[in-house]
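This report refers to the structure that appears directly beneath it.
Order of writing sets the chain letters: A, B, C, D and E. Residues in each chain are counted from 1.
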Amino acid sequence: MIRLDKICVDFGGLRAVDHASFEIGAGRITGLIGPNGAGKTTAFNVIAGAVRPTSGRVILDGRDITRLKPHQRAAAGLARTFQIPHEFDRLSVLENLMAAASAPEGENVINVIFRRGRYAAEEREIYDTARDTIRLLELEHVIDEKAGNLSGGQKKLVELGRALMRKPKVVLLDEIGAGINRTLLGKLADKILMLNRERGLTFCLIEHDLDYVSKLCDHVLVMAQGTLLTEGTVEAVRNDERVIEAYFGGGKYEARL
Amino acid sequence: MELTGLFFYLVSLLILGGIYALLCLALNIQWGMGGLFNAGIAGFYGVGAYSSAILTTAASSRHLGGYGLPVPLGLVGAAILAGLAGWAVAKICVRLKSDYLAMASIGIAEILRLVIVNEDWLTNGSLGVSRIPRPLGDLATGRMSDVVFLGFVWLVVLLVFVASSRLYDSPWGRSLRAIRDNETSAAAAGKNIEKFRIQTFVIGCAVMGIAGGLSAHYFRFLSPTATDPLLVTFLVWVMLMAGGSGNNKGAILGALAIWTLWSVTEIFTNRLPPEWATRSSFIRMLLVGLLLQVVLQRFRAGLIPEKSPPVRFKEEGPEPDR
Amino acid sequence: MIEFINFYLFPALTIGSIYALGAVGISMIFGILRFAHFAHGDLMTLGTYGILAAAAILPVNPLLLIPFGMVLTIVSALLVDRLFYQPLRALPTIYTVISSFGIALVFRSLVQLIWGSENQVFSTGVKPPLVLFDTIRVSVLHLQAIVATAIIAVLLHFFLSRTRTGRSMRAVADDPELAEVSGLDTAKVVRWTWIIGAALAAIAGAFAALNTSAHPNLGWNLLLPMFAAAILGGIGKPMGAMAGGFLIGLAEELSSYHWIGDDALISPSYKTAVAFICMIALLIFRPQGLFKGRLL
Amino acid sequence: DDTKIGVLMDITGPIANFIPPLQNAANLAVKQVNDQGGLLGGTAVAVYGDTTGTAQGAVDAAQKLVNIENVPIVMGSLMSGTTIAAAEAAIIPAGVAQISPTATSPAMTDLQDDGLVFRIVPSDNYQGEILAKMVLADGLDKVALTYVNNDYGVGIGQTFQAAYEAAGGTITASNKHEEKKDSYRSELASLAKGEPQALVVIAYAGDSGGKIVRQAIEGGLFTKFVGTDGLRDELLIENVGADALKTSFFSSPTSPAENPAQKTLHDAFNAEYGEGADKAFVDQTYDATFLALLAIEKAGSTDRAAMAQALRDVAMAPGEKVGPGEWAKAVALLKEGKDIDYDGASGNAEFDANGDVGGYIGKFVVDGDGYKQVEIVE
Amino acid sequence: MTERLSVTDLTAGYGGPPIIEDISLTVEPGEIAVILGPNGAGKSTLLKTIFALTQVAAGSIRLGAKELVGCKTSALVPLGVSAVPQSKNVFATLSVEENLDVGTYAAPPKDKAATREKILALFPDLKDKLGQPAGELSGGQRQMVAMGRALMSEPKLILLDEPTAGLSPAYLERIFDLLLDIRKTGITILMVEQNARQALQIADHGHILVAGRNHVSGTGKELLADEDVRRLFLGGAAA
């Protein structure tokens, strides 16, 4: 589905991503883990077009999208969330979600001024989808709150909600779990599994909570220092010496119950 | 003060108020919806004013012209040329963040002003363009022609109001406000930021051009004194903020309220004792400056604050519920 | 060459000094309080008239009276901030911008009410310029302005990089709320911003008025190039603003030098445009300013 | 009873610094009227309108004068841009007469004004041509020219250039400069090329004109200057000193030599305000105001329709001469049914069909702290 | 010289209806207390209220004998209170070095160089980033800078809003180890966590906030063992 081909990203003197090559398989839920500063977010940014790689190519469904702008990639079916929430702070939660939808008729100036009937049906559908998504995210009680006034975790949920509004083929989730209550996160994981199974959506998620990763992902990529360290099933990766050293530490505070 | 006098003063107040209302609506599209900090309103206003003036006047040896078009066509020309100027500016500057765009647009307006003042062949420089016709010129003469013109101006205001309300209350407007709030995330949601911003800027500038054109027809004479940033750019900003940015009704109300304030203060300062007569203008400026502070402190969010358009739907039926 | 030095370079540096001193305040206010202070030019005017008023009583070199102007501008700035800007701080900055625009009108009309609107000169008669090496003619005032600005630049640099208040300024400029959480007294930083900005505005006004004459529109007329200078230097970079001021001054004046052939490169009528073209070009190609200021 | 006259001036805005003496001039005329028996048997009151130096402000202020204050005649304004906009959009439609003291733009001539708009100052074209003659007569056949880029400077500057070159003079360099800059040294450096004998400066002493002269002297570029009424201002002497201007001369609209009107006015002005009679456009402003007051008196009422004709009647020959300050005399003559002819400090105010005046241009040189008229060109 | 933090009947919000109501809790010197709860429950609001960033409607907050309600935010650091906000917790344009330095302006540590060394030893990743603007760091690195800044002033009471959000398991371990360490020196710690299961293992006390009210309190062990708590707040069944 998405393939990174020898991607390098340089920030000034620092090479944040160093000849990284990996693939996010179609229809799968792939996990991307690695120590802080490994280059995971940067890799996402390269895929989504927010950062232009110094060298290398990004392939989506066999098509080279390295030169496309972020909005063109979004139109090609790519949706993403941001690690640090990027909400539309003066729009309400509902509007945040609706604004994220694609609305070809309603975003046409001529239609808007002269032919308003043209986008009514489209708008209705966007509205319904937004309501459903908000229900799922348990944000109904703040539906009319300005997104800028939400709590840190609620902003993350809105972040996820906007990505789901895009009707995407691939969704990149950057630490959606950090700051989300674990019980709710469990429910979201169920939803992601359902979307993956029923609609064939492809997911790639960066996460530090291994329980969550292992519940969702059958395949895990491990990045360290800008390159792919290893990949495999969660179990395999968990037991990999290099990964333990670079990433897990002693496992003193057990997350499992 | 006799009643007819009062009437005609009101007419003039509403004509200029209407022209300012157009400028405010235009700025509201750019700033209120799009977050584009245009501080060069005077430039686009000037382009519109001179375009319409040159297109509709008879030939003159002193400046370009002699097209003698009817006024409505002149205004269309004003909209197109100001829109084009806006497009060129937007092409270069639209990536800039708000305050930087402000500075760039101030600079561009100043450059446009210099062109107007210096390129005699085009605009007759500081000597100005005279004998600019009024629309429906033969319908009335003398003071009555102001009444006709008033109707004309407010018809334009109404059209622009309807159009901009539709823009505001639409997916287009919503996406625009989303871009205003967060560009990165709007791009990730598939919005072509550049396209949206250029559209916004051009629409706003075209309306500013129309406002400029209308004022040229109202003054019947156009010289660079009509494009002073103080009375065009800054005052319009004051009006929009006072009226409530992000709200079209607020924009119009703000324009009328502040213009009235600006104009009427002089009537009162003229009533000061004669020793003060020579200083009354400064007292008036002082008053305007202080009243502005009062407005800002008392009506923080403007007379009519920004309100997102309702997005509720009736449970059945596809029509938006307004 | 001599012509270039006498008629282009020194005047350009003088104008540059004036822009630079004004731009520092604009840049700092922009950086820390995050708004374009439209009353800054008129603050300059106010300072100038303060000095003028003192000069009417004390017949000494007006440069010695600059402290009077500084006191006036500092007090006015602090007062205005307290009464008008501060209550608006929680709102989007555009409100403060608009408010400062109204304050500009207030300052200007006060100057006109109190001192009248006619031009006023500090001293009459043409002062013979200093002649160096028989060929270089430079006015004493210009030298004073340039040297004073250089000294102020050094002091300012010292203040910003060595004192705790100076260094806190950068943190407050970055994120006032977090600065407050980190225990920095933002109110104090804001106060110092006004004090420095206003003091330098008075000095700039004094040089501008001495160079020509004082009138109520003095500062307003200088405002736009000073903004250009602040941006050129990078917002929130006082030292950059200094450099930006000089660059704008140089660009304006030197653009009409006959670099190629005998004709002015750019008609002097378009002098002001040069400043803006520089600024716009910079904004497009290097939006963080020449010296890497904050991206807004 | 109060009778109002409208006084429209660009009080705030770009030319604010010129205004105070002009307000004094207008107030002086009103005061003299009231001291000498009043207007229409009551008190004359000047109601000010501030154009803010912009077209919008001008129209707005004029609307208030004609509609709210109900004045029968408007004196003003000063800049051509504001004068014409006010006239076209507010004053002419209301059928009110208007007399501008200083609007020099040629566009004033062809206004479609139903004969309502007058001015007391010659069109730029006129002063420019006379100035060309004057410069050549002074033996200067190679000069540099700089004029300020506004209606005043461009009007006179361009006519001067054309007339001067047509009469055989050489302009070594000429440029148009922006107002309000701090340094004109780079312009001056290029103007000094080609060995001109003098620099012709068409600009205001209070703004670019004064700075240009000063910086030219400081830079050692020019020693001789030729200026117009905008530069002929005591401020200039104050600014650069009389010594530096010894060889310079200035042109300014004036009245015939035998007419002592100007001195009368200046004495009265300085007696009232201490100083300032010599400032640019004081004469014209006073005359225009006085004429407007005379016109009301002549019309015998504040009937707008009668104003334009009344203004012509009191301003133009034939008639018994009256001058500045002679209000009581004028009223007495009008009471007797006699025709009067006001000859003012700035000229004899003989309007042509367009409401323009021809007039006299005087040549002035610096004399002590002031200026002295040495010659008159017609 | 350490003091207890006691919050009594605290009601506060952002100008509208109160977000937290009648909250009472105490944290003894040298204790770690952790606040848990669903998103939007008011956890951050509680921390912000202690740090004088919201509007208090009722109640009191005492550090030892000193009443904190009514203090200015900037006055708290000199009193020995330090905070790490949940988001926007670094000065993005300042370098890492300067970010750490800012922590010392209001309350200079006894030995600045030594403190700085200690912090860099704790977060070795920051060592080669000292000159880099904090805005260019990865999410986890920012978290480290924010903690570092708060520790630079050697506080008596430290308020942490989700200090481990976005940190790798290895860093989570380090931070919790560190918290246990500094607790030993008598410093009081109050933190909000969503990595709740881990946090309860080091916490002396836990408080679960729901909809702005204190729902359950108990020792860390009690809460971990409580079946309802596990199911409703710790994602118990899911794992």
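Some points to look at:
The rule is simple: contacts are C-beta pairs under 8 Å (C-beta built on N, C-alpha and C of every residue); 3 or more make two chains touch, one makes a residue touch a chain.
No experiment lies behind these values; they were computed from the predicted model shown.
Under the touch definition stated at the top, chain D and chain E share these contacting partners: C. Shared contact partners of chain A and chain B, listed by label: none present.
Between chain A and chain C, the least number of touching-chain steps is 2. Placing every chain at the mean of its C-alpha atoms, the farthest one from chain A is found to be D. Ranking every chain by how far its Cα centroid lies from the centroid of chain B, the top place goes to E. Should one ask which of A-E and C-D has more C-beta pairs in contact, the pair is A-E.
Inter-chain spacing, taken between the CA centroids of chain C and chain E, is 44 Å. Centroids built from CA atoms put chain C at 31 Å from chain B. Annotation: 74 Å between the Cα-based centres of chain A and chain D. One finds 35 Å separating the Cα centroids of chain B and chain D.
Annotation for chain C: residues touching 2 or more other chains are 108-109, 112, 117, 267, 269, 272.
Contact with two or more other chains is made by residues 11-12, 14, 20, 149, 176, 178 of chain D. The chain pairs satisfying the stated touch condition come to A-B, A-E, B-C, B-D, C-D, C-E.
Contact residues of chain C toward chain B in the complex are 30, 36, 38, 83-84, 87-88, 91, 94-95, 97-99, 101-106, 108-110, 112-113, 117, 224, 227-228, 231, 235, 267, 269-270, 272-273, 275-277, 279-280, 283-284, 287, 295-296. By the touch criterion stated above, chain D contacts chain C in their complex at residues 11-12, 14, 16-21, 149, 175-178, 180-183, 185-190, 193, 206-207, 210-211, 214, 217-221, 235, 237-241, 243-244. Interface residues of chain A facing chain E in the complex, by the touch rule stated above, are 11, 14, 34-38, 40-42, 83-85, 142, 149-157, 175, 178-186, 189, 208-211, 215, 246-257. Interface residues of chain C, counted against chain E in their complex, comprise 164, 167-168, 170-171, 173-175, 177-186, 294. Residues of chain B that touch chain A in their complex: 163, 166-167, 170-175, 177-178, 180-182, 184-193, 196, 199, 203, 308, 311, 313, 318-320.
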